[in-house]
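When the chains are written out, they are named A, B and C in that same order, and each has its own residue count from 1.
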Amino acid sequence: MTSEAIRNEWYPVALASQLGPEGRDTRLLGEPIRVDWAAQGRPRVRAADGREMATRLRYGHIWACPGTPSRELFDIPEADQPGRRLVDVGVVRVKCSPLRAVENFLDIAHFPFVHTDILGAEPHTEVGKYDVAIREEVDEVWATKVHFYQPQAAKSAAGGITTEYMYRVPAPTVSILYKTCPPRPGEWDVITLFVQPLEENLCEVWPWMALFDDETPMTDLIHFQQTIFLQDRSILENQLPRLLPLDPGMEIPTRADLTSVAYRRWLKRRGYTYGAQLVAA
Amino acid sequence: MILYDYVLSPDCYKVRLLAALTGAKITLRAVDFHPGAEHRKPEFLKINPAGTIPVMEEDGLVLTDSSAILTYVAAKAGPEWLGDDDARMRARVAQWLAFAQRLSASIGKARTHDMLQKPADIDACRAGGIQCLREIEAALVEQDILGARFLAGDRPTLADIACFPHSMLAPDGGISVDAYPAIRLWTRRIRALPGFVEMPGIHRLHDLKPEPAKA
Amino acid sequence: MWTPVALSRDVPPLVVLPVVAGGRELALWRSASGRIAAWADRCPHRGMRLSHGFVRGEALSCIYHGWSYGAAGNCLRIPAHPDLEPPETIRVAVHVAAEAGGLIWVAPSAPEAPPPDPGALQPLRSLTVEAGTAAVLSLAGLAGDTLARGHLAGVEVTVAVQPIGPARCALHVLTGAAGAAERIALSRELDALRRRAEAGEMAA
């Protein structure tokens, strides 16, 4: 049985546009659940014993809380901003800890080696100083002023640019990034990773985007993001130990890893241990 | 030549790879295979009633099988990829092009099952995948004894292009590739070919690029 | 204790691969100059398997963030911080690797004696069998343990046996002088042997 700190969070469990009348049998935190539509297009999520969970329909996805929500589902104000294209990227299953999937999304130093010639390229490997904070008032992890040189920052990008990023962790298995938006200076493109923890070592990942890009066909936007995420998948399935170590000692963070350090500290502080290990094994 | 393409499909990738290696000009038309299942929609079924990708279209010709598409692209842009004009080599290339269908049906299915939740008899797909990898390994061992570095001879042909992607992507479907030394060296040879392009899950040989100088 | 993990021929310069020896997962690799090494298959930075990495010159780099490591397992370079001299404390656990008679051998720490030398033989192939070492050797009619000898398909063979688990082992097969047709027949015989061993057939 998982702790309340774990059960009282919100989790993505389905992509609304892909959930047919037959519903979806899946798992959450190691337990079977069923997602379907109740009357009036209201999503319904039930545990194996038939108990209904709190649900939300937001950001293209259906969200469920297996316990008692400790707070409302986080807000992404940009989701309602006129002019953005909302992109349902679809699910990818990964044999890894849900927390490793989130942490990888917060990392830029791997771009030149894993997303070569797209999100990074040698010799532009340096990660400059950036700011990281746990924002107590909202209880979220934020990294800002992150800069990185990118050969092809977005599907719409024509050449290399230095991109600025902000990263945000509003829930233990959700990560949101804001990045420079070439066609719309002053605005940020929003790219998220919604992670459904099936087991401590198995997750389903739902990337989702809210972009300013009127040119690129929808399918190309989806494929660009799937390309990026599938390049990460073989990394995530080959990290040891499988569970994310929350205590220092097993791994060697540097200044470039400060977002990961803050994320692990934040998880530990709130007792979020699903997919984590506490003592260096 | 229009290729109805999906970035994560090994069968589409082999066509993109051959085009890159031969310099053939292809126009990509992205198909929303996942999550949209566009290949099952009526519009797409008018092009390929079988509901599979890749599909290639040119001047009224519609090809719906990756081996046929490879043959077409090679015949137009790089006939040397068809193999020498001798009976044995031609037949060997044809045999591996046919074999590639077994790779799609085993490793390909295990992969879409594990990654994208497509239905499959996963144990049967994995067992079939291991069997295929063992056959490729054994064939490469025999080729090596005969002094040939590729599947159909001592130079790369469509045989290699057709079998290379699934041989590298097997781990995506939970099939280990650790135990095949001949496959490891053969896939490195293919990745070292001039003009090679990658796909997610198959990365380039970073060792071919020199270490950047210290600033 | 030395464990044979590969045929030298199958690990040319710039190749890195995962192997198991003595229950440990290792990254086996050869540098550009030909030096062979076997390291713990885990990058100290964030735990990525080093066997997915790449070799440049005399260093092995991790595929995740590109940290590179020199002969002693010491960190040479952290690409995210190009001006940083990596601290001495960042080290990959290094095992001992040595070559003898066309085979690569590894041990957790330097053993008293050099690895067994099978003599001047030709490498044929390595293959992994989903069956225990003893069952495979007796089915093949080969005598010996780490280096087993005998005849298969009429060819004189020496087989270096790598136990991988209770029901898995790898055979690294070497032969004396033999023509191409004989070597091909032997390779096919090894596939047949594997099928029989995996079907649970026992030696008569």
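Assume contacts are C-beta pairs under 8 Å (C-beta built on N, C-alpha and C of every residue); 3 or more make two chains touch, one makes a residue touch a chain.
Bear in mind the structure is a predicted one, so any value in this text is a computation, not a measurement.
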Exercise for review: Draw the chains as points, connect those that touch, then say whether the picture is a line, ring, star, complete or other.
Suggested key: complete
Practice item. Please state whether B-C or A-B has more C-beta contact pairs across its interface. Key: A-B
Review point. When the C-alpha atoms of subunit A and subunit C are each averaged to a single point, how far apart are the two points in Å?
Key: 38
Revision key, fill the gap. Distance in whole angstrom between the CA centres of subunit B and subunit C is 28
Study note, to complete from the structure: Whole-angstrom distance, CA centroid of subunit A to CA centroid of subunit B, is 31
Check your understanding: Out of subunit A, which residues touch more than one other chain, so two or more?
Key -> 113-114, 122-123, 125, 234
Check your understanding: Mind pulling the subunit C residues that touch 2 or more other chains?
Key -> 63, 82
Point to revise | Touching two or more other chains - residue numbers and ranges from subunit B | key: 203, 206, 209
Review point. Can you name the residues of subunit C that touch subunit B in the complex?
Key: 6-7, 10, 12, 14-15, 17-18, 54-57, 59, 61, 63, 68, 77, 82-83, 124-128, 170, 180, 183-184, 187-188, 191
Review point. Where on subunit A does subunit C make contact in their complex?
Key: 107, 109-110, 112-114, 122-123, 125-127, 234-235, 238-241, 250-252, 254-257, 260
Check your understanding: In their complex, what parts of subunit C are in touch with subunit A?
Key -> 41-42, 44-49, 52, 63-66, 78-82, 84, 90
Review point. For the complex, which residues does subunit A have touching subunit B?
Key: 15, 17-18, 88-93, 95, 113-114, 116, 122-123, 125, 204, 217-220, 222-223, 226-231, 233-234, 237
Review point. Within the complex, which stretch of subunit B touches subunit A?
Key: 6-8, 30-32, 34-36, 38, 114-117, 171-172, 174, 198-201, 203-204, 206, 209, 212-213
